[in-house]
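Before anything else, here's the structure in question.
Chains here go by letter, A, B and C, matching the order in which they are written, and residues are numbered from 1 within each.
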Amino acid sequence: MHHFISLADVTDLDALIRSGLMAKTNPFADEHLGHHKTIGLLFFNSSLRTRLSTEKAARNLGLNVMTLNVGSDSWGLEMEDGVLMNGDKAEHVREAAAVMGRYCDILAIRAFAGLTDRALDYKEQVMTQFARFAGVPIVNLESATRHPLQSLADCITIEEARTTYPLVPVRPKVVLTWLPHFKPLPQAVANSFSEWMNARAAAGKVEFVITNPEGYDLAPEFVGNARIEHDQNKAFEGADFIYGKNWSSYEHYGQVLTQDPSWAVTMDKMNLTNNGHFMHCLPVRRNLKVSDEVLDSPRSLVIEQAANREWSAQAVLREILLSL
Amino acid sequence: MHHFISLADVTDLDALIRSGLMAKTNPFADEHLGHHKTIGLLFFNSSLRTRLSTEKAARNLGLNVMTLNVGSDSWGLEMEDGVLMNGDKAEHVREAAAVMGRYCDILAIRAFAGLTDRALDYKEQVMTQFARFAGVPIVNLESATRHPLQSLADCITIEEARTTYPLVPVRPKVVLTWLPHFKPLPQAVANSFSEWMNARAAAGKVEFVITNPEGYDLAPEFVGNARIEHDQNKAFEGADFIYGKNWSSYEHYGQVLTQDPSWAVTMDKMNLTNNGHFMHCLPVRRNLKVSDEVLDSPRSLVIEQAANREWSAQAVLREILLSL
Amino acid sequence: MHHFISLADVTDLDALIRSGLMAKTNPFADEHLGHHKTIGLLFFNSSLRTRLSTEKAARNLGLNVMTLNVGSDSWGLEMEDGVLMNGDKAEHVREAAAVMGRYCDILAIRAFAGLTDRALDYKEQVMTQFARFAGVPIVNLESATRHPLQSLADCITIEEARTTYPLVPVRPKVVLTWLPHFKPLPQAVANSFSEWMNARAAAGKVEFVITNPEGYDLAPEFVGNARIEHDQNKAFEGADFIYGKNWSSYEHYGQVLTQDPSWAVTMDKMNLTNNGHFMHCLPVRRNLKVSDEVLDSPRSLVIEQAANREWSAQAVLREILLSL
């Protein structure tokens, strides 16, 4: 693996999931791999899980970690070519990326969607330009349209649950459900989860269904071959994993079309499933999106899922280090 | 030791002080203890001494250190149970603490008092909830009502001075004095110092007196068996250590009742003591709280006291690492 | 070397440049030097290159690195003696420096010019006071009037280019040129570059010329023996290195007297030189100060120059570690 920007960079997903589960069993087995190598973590947006889990994984692999918190405002980076830079952007990505690529062997970057200009967000300019100019592998720590380290952690969590809980079938039914929220949130986590679950479905590993209100269908390239079901209850029937997430509308870009509380996940709804497990990438607003009862029940995998972020990051960084 | 939230977590204070003094002599003797272990430092409030000294102590012990600066505003953490989270708090402490506890072997947290709601501050919600949900030892880096790493550094400093300066008696008189300030400051340092000095007094190691203007008495549980003397000059007579600190009123909670400059510590006042040493936890506003003359004299221990923060943190982390 | 605040702290500049080039060839040769030693990086102003390159160099040398980002506003440090501290400055440099000097073996500090009070800026109070009170070596990460780590990287870059590109003569002509900008920027980089180039010129290593519009002459102590040429085209004739930089006026302190776009560097102007190379310390505003064509041509050394910041820092830290 060179870059890890999207699923397209993964050649063997099964092996990557196994590598994560192995790192969880033996975190320091590959500590020599990162010796005398440096990863730079660049945050245009704030982060808790992603930052800590990636830093931890990097150190497990013996990497030197340098973190740079740049507000999305405080450090305006010009992304377009041929511009007269007489505005608020003091540096061009051509220089910024190239220079950081000289100090770091790997660059990991977080830059959220702006949610105002759909075409711009879906161009994934930050990832694309850094990959173009940095001269070193780029790792996506959540970009405008994707969050692949989360998706890999999700795959690891499902695989782990499949072998831990006797009631989960060999080919579980996974349901991504939209949850209500009053703020416009990016589609990145939902997009990415769909992308990865579609790959798992294509490999015969899961059955994948998306349920969301009308007007909230994800972009066609992310929906892929998944079935969209606008009736949430129907979607939940027989599900083994309920993956909750809010996102703003793709069609009416960045808008909150409804906050319908009936879309929140409660124990009543979980009871429609096949003893299904609840997943969410966190942070989660309790009782707005999911009830306390669900989150505090043994069916919730949210803490294990967040813990698995460490092993997802470690699997990816290990693969990149092996390719350096 | 599991948690280090208050004095109640300390089983052998004498041994802990000795451990700090030993670390000062030989900082790297226990470097193996933290190998492959991680401490997370979580700052809801800014920090200079606490951050640097704790990070340094952790590294002396071979720990991996991950620091998270979360503004008290920027990352609203819901602390109450059963709440519908539709306000400005995006995450519940149940998830935040549990997840960080999965990435870190020890969590150290700073969260100041709000100084508006006394009952809320004195509930020590942040420490209590993190201890409840993190699943790993919690270290108090200054909470709403206590600053025990400072108090331990103070004990180390007094013990060190007792064996360094021939004029300090075996059972020195220690005086905590209120100092003037125009801003409302927390009671944490003063509370904690009282708590620890009361323990030292009970063990026959010091005589302890508190002097402050009327209306500034600390909470009864912190005053304990200490003598409160509202006449500062009288309190200073025969003192071996003057410990200066400003705090806002506990009774009229969070208020500045007076800024009486006559409470500032000057050399004239120090001359009332038994060749007493001056202590302050820093930062200190010169000539507002204490005169240049006192701070720049050999009687001032403030720099050594701050330097001892490293050994105080190291003694505590060592104890926790031994218990893991 | 004890401090590294300005060129005056350097005893053998040739050796320092060679040391930087050797570190570039073999980054980890001196990794034992920093073992069990700590450098503190203190940023009163934000930083990308300086922060990453210094942190990287320190780690190459085996140093423990602790970084403190203090906004120039958020942590008001009183620099004057004898002041009644009843304003917005909560701590005196006497305490802050002394305490940090207890936690760190080396302190590296960035503090920009305020650009309102020339006498104050040129007093270099932050560097002077930290050097006075910290008790450990101070490294200048860009101060009010100087940026010596940049200047050393510039010397390394010129020396490297001299031996890499066959057309560069033994004693190249180096031209520092003012570039247009709409914001008032400090003189630090230009001052420092002049100071170091004057030393190189005195040693017979370069010929040095400064070109800037009327009213933009640097302070006489920095101009030194350099020739000032107000006709940019004339200055460029026969130049081997063009070093671009904007600075605000020294004479009319901190003011932007002109934004004359004809001072920007274009390929036409580069064609006046002796196949000259273009240098700039970055960040650079494309097409405002320099054209894309110049920056994207093989004549631009800006990325290599930024990469050399790592080796400049490493040469300096190595020298300091050897003297501890």
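In this section, contacts are C-beta pairs under 8 Å (C-beta built on N, C-alpha and C of every residue); 3 or more make two chains touch, one makes a residue touch a chain.
Heads up on the chains, UniProt names are A, B, C = N-succinylornithine carbamoyltransferase.
From a predicted model like this one, the values you see are computed outputs, not experimental measurements.
Contacts between chains leave no pair untouched here, as each chain touches all the others. Interface note: subunit A and subunit B, two copies of one sequence, contact each other through mostly non-matching residue numbers (shared numbers fall below half of all numbers used). The geometric centre of subunit A is 40 Å away from that of subunit B, both derived from CA atoms. Touching two or more other chains at once is no residue of subunit B. Subunit C makes touch with subunit A in their complex at residues 27-28, 46, 48-49, 51-53, 55-56, 59, 182, 282-288, 292, 295-296, 302-303, 306-307, 310. Across the complex, subunit C is touched by residues 36, 38, 40, 64, 66, 68, 70, 74-75, 78, 81-86, 90-92, 94-96, 98-100, 102-104 of subunit A.
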